[in-house]
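Per-chain numbering from 1; labels A, B, C and D assigned in written order.
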Amino acid sequence: MERVYRLVMSCPDRVGIVARVSSFLAQYNGSIMEANHHADLEQGWFFMRNEIKASSLPFGADKLAEVFAPIAEDLNMQWRVTDTGVKPRVVLMASRDNHCLADILNRWHNGDLHCDIPCVISNHDDLRSLVEWHGIPFCHVPVDASDKSVHFAEVERLIEEQHADTIVLARYMQILPKSLCERWPYRIINIHHSFLPSFIGARPYHQAHERGVKLIGATCHYVTADLDAGPIIDQDVIRVSHRDQVEDMVRLGKDCERSVLARGLRWHLEDRVLVHGNKTVVFN
Amino acid sequence: MERVYRLVMSCPDRVGIVARVSSFLAQYNGSIMEANHHADLEQGWFFMRNEIKASSLPFGADKLAEVFAPIAEDLNMQWRVTDTGVKPRVVLMASRDNHCLADILNRWHNGDLHCDIPCVISNHDDLRSLVEWHGIPFCHVPVDASDKSVHFAEVERLIEEQHADTIVLARYMQILPKSLCERWPYRIINIHHSFLPSFIGARPYHQAHERGVKLIGATCHYVTADLDAGPIIDQDVIRVSHRDQVEDMVRLGKDCERSVLARGLRWHLEDRVLVHGNKTVVFN
Amino acid sequence: MERVYRLVMSCPDRVGIVARVSSFLAQYNGSIMEANHHADLEQGWFFMRNEIKASSLPFGADKLAEVFAPIAEDLNMQWRVTDTGVKPRVVLMASRDNHCLADILNRWHNGDLHCDIPCVISNHDDLRSLVEWHGIPFCHVPVDASDKSVHFAEVERLIEEQHADTIVLARYMQILPKSLCERWPYRIINIHHSFLPSFIGARPYHQAHERGVKLIGATCHYVTADLDAGPIIDQDVIRVSHRDQVEDMVRLGKDCERSVLARGLRWHLEDRVLVHGNKTVVFN
Amino acid sequence: MERVYRLVMSCPDRVGIVARVSSFLAQYNGSIMEANHHADLEQGWFFMRNEIKASSLPFGADKLAEVFAPIAEDLNMQWRVTDTGVKPRVVLMASRDNHCLADILNRWHNGDLHCDIPCVISNHDDLRSLVEWHGIPFCHVPVDASDKSVHFAEVERLIEEQHADTIVLARYMQILPKSLCERWPYRIINIHHSFLPSFIGARPYHQAHERGVKLIGATCHYVTADLDAGPIIDQDVIRVSHRDQVEDMVRLGKDCERSVLARGLRWHLEDRVLVHGNKTVVFN
């Protein structure tokens, strides 16, 4: 895979942003592999993502960021430079169900997810063997239902210790405390097993069955302090019928959950997801 | 199209129902063109639909119903016999948007919807020419916002006068009063422009845009007194992105609305939709 | 709708194209409403589309083209400037089936297709009334099966006379002669009723039924002299089952055909489709 | 899971088949959990599948078959009785790619595929560890490219030895010899990585990329001596764009392949797939 630097930014919209940024890149002979723009005319906000061939530039990612900083400041950008030569660190969290976890691990094992997975954290010990087969440390952090604070303190400590860039809740069935949600904004990804905003909260397939819907879905979103209400990254649905009982929906929904989570995570890791307000721009 | 009688029924589940019904039909040499069963094991309820070639029976639909009645009574059935030789009468109701109405009229015109359309009722006069081009009477029944009762009384009178079997709300933007909803249970079909139960009520595309969903949808359902909460017949979705403003969603959603309504109406007219509780069995 | 100019181009890929073009636009204070780039790294070819707010520029579309020409020449571009203030002229061609034609006319009538339709040409007279209801001239040009050249000569004359920018074969069942195909490259759009390259040629639903496929489809493509082999603009599919006979496939396929054709035509009219070799780049 | 017997049959269509079969079942108090019929009116052929609650019958599956045999003979049925108390034996075959194999093993591990997997056969040793982690024997049977007969003889011996009911080619990249194809008709399931009949044979994603299609697909089918031409069980597609190179198609297609194969295999194992001519009836 060709090494690239990604220059990702958003700022108030005005004339000449693309010219400034692309002239800057051209000045250093930067070869653009992929470029995406979006102007939200309603909000007056501009979004941009550039992939630049690393070998075409006369310097590295740090220097790129340094020389770009004045432009970014001038245009009031929120921005970042990432380097595909440095793999992001992704901590996975799961509970007992393995379909999402096994799927992510299989993609990672096959080289389809560009990241390191320093550890998997779970409140149960069931998935240890699966995780360890992949050569990844498994951290069993039990939950005491009468006082969950010990559990969450240890979770926080582990995430810090591992310098996680991204945390994925791969059917981790606990609700994160507000403090953790706010500590890593737009860096915690959850898969919810419904087509949000339908069926927020617990047992969405039971709710779907009760309502008699003809499609069930899954939603991949960033975790915020507001339950199941964070910015949506991706969603998908699958058809069901009167023949499908709750347990069929659970089974059918698994395929939807894992493909939506895998897509959302991949886009996140490729810096394709930009958040503005409570919504996402996804350059896919 | 081969003329068929449809024998449609539901009843408490027990051993031997299929044997009773199919032996009954075999006894009269009835040739079954299509048969569908469903046993809802959770609710202990059984559903069945048979299409019988009319020419294979020694009698007509009325006599078929007469000789079947004792079996139906014995098994506590809700049931009906319909005859494709008698077209159901469908009254359409619309407002100003024509996409659903034009679609239904085009399908009807092309022979893809087996029904008569005795009239179209609208609270505006905009769609008169479209309807009349198809040779169908157009009834303009204005709404007085300060007192809608006159409007609804006239709507009720027209539906009665036309002996409508089915009423289709093809983007008719008024909320029917409870009395009308309850007068024709499971005979009034609505298209709602969201993936219910998300975004109940007014301006669902605005709600969808505000929430930042990645799919928008449409739901075809029977109208009950509880707004947008009746039994769902069919649903579908279409992908949207950050590039789509509300007006794009409105445009894209139209395709979804009209195809979902057309499917739901067709299944209803073919007696494929059986209601039990607040859910449907759809033998499609 | 805000008036915009569209600057659409493709050229050999090299460093600095975006910088050149966007600096050019910024120099005249051009406000970019939407921008899309694509670099085909394999072919070494670059594609770009910009929508510029007309009122932000100090001149009109002609002058924009004039001042941009030296850059285009320098970079060996294939390019064009279009102006949404000037509606493209689209001639529709149909035969007897009305589902695609009625759909396009309905969208046009509702303002969802930004074009003029100077006339509809058909080898049969069946659809005259439908077309004329929309206030569009209907040209019946019969086909003599023993010598089709008279028909095609008249078709060519009409298209020229109407100064058509685009010709849409909306289930026009004749195969265009090579000379016509080559006269308007990438300006004739066809809808083929299969998922190409499956089932090229006649009676694709019969072929699909014979093969027992579980999905049927439709393909919108530019017409070239090679039958059903031109660059594909869009495709879609719909699920079928063992219950569906050929006539069911025909009916179900209609929905697919018309939505795929409508999407493809819209993208074409919005200058979102760029052809390179026998493939398309679609900036949707 | 409730134990059921499945009575699956097809025969020339005539009046009274359902009555005969359902009366037979009612006579022994058989409780029907699910029933499906299909009459192919074109071919004059009738298909039926019944799931009968095992505990409702006074005898076992063998006796059920014995007492049903005279009816079957009388009606010229192709038929079978299966018993969910006896798990079918499925031999998996793979090569180097693990996405389909890992998916099937994960579903089996989670109890979502009701079968035994006596062994996995592969022409490479790469997937040994994955298979053995699941507690399943791995048989490495290398291929000598200059003489493949030794390989296929050993494959045949292993399948026989394991008394396989079903063989799944989970991206096993060898073409089976005619003799093996014909030895186990409609018991060998393959996943082909295209939307058949498009792109038969090798490197379908390369063919798809070359043609510029906008959807890629996968097809699950029974293997016959005619390459990629056996009866289709299921198909699905996924959208691609001009941005997707062959390697992206390969990656995106994997998700399609594994979900289509998993669905097809599940339906096969549940006796939902009936073959007639070169087509399938799928009671899903």
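Here, contacts are C-beta pairs under 8 Å (C-beta built on N, C-alpha and C of every residue); 3 or more make two chains touch, one makes a residue touch a chain.
These figures come from a predicted structure and were not determined experimentally.
Repeated interface: A-B and one of C-D, B-D or A-D share more than half of their contact pairs by residue number, and that pair is C-D. The interface with the greater number of C-beta contacts, when C-D is set against B-C, is C-D.
Centre-to-centre separation between subunit B and subunit C, using Cα means, comes to 36 Å. Averaged C-alpha coordinates put the centre of subunit C at 41 Å from the centre of subunit D.
The set of subunit C residues that touch two or more partner chains comprises 34, 41, 243. Interface residues of subunit B facing subunit D in the complex, by the touch rule stated above, are 15-16, 18-20, 22-23, 25-26, 29-37, 39, 41, 56.
Interface residues of subunit A, counted against subunit B in their complex, comprise 38, 40-42, 195-199, 211-215, 217, 231-237, 241-243, 245, 278-282. On the side of subunit D, the complex with subunit A involves touching residues 34, 98-99, 102-103, 106, 109-110, 112, 129, 133, 243, 251, 254-255, 259, 262.
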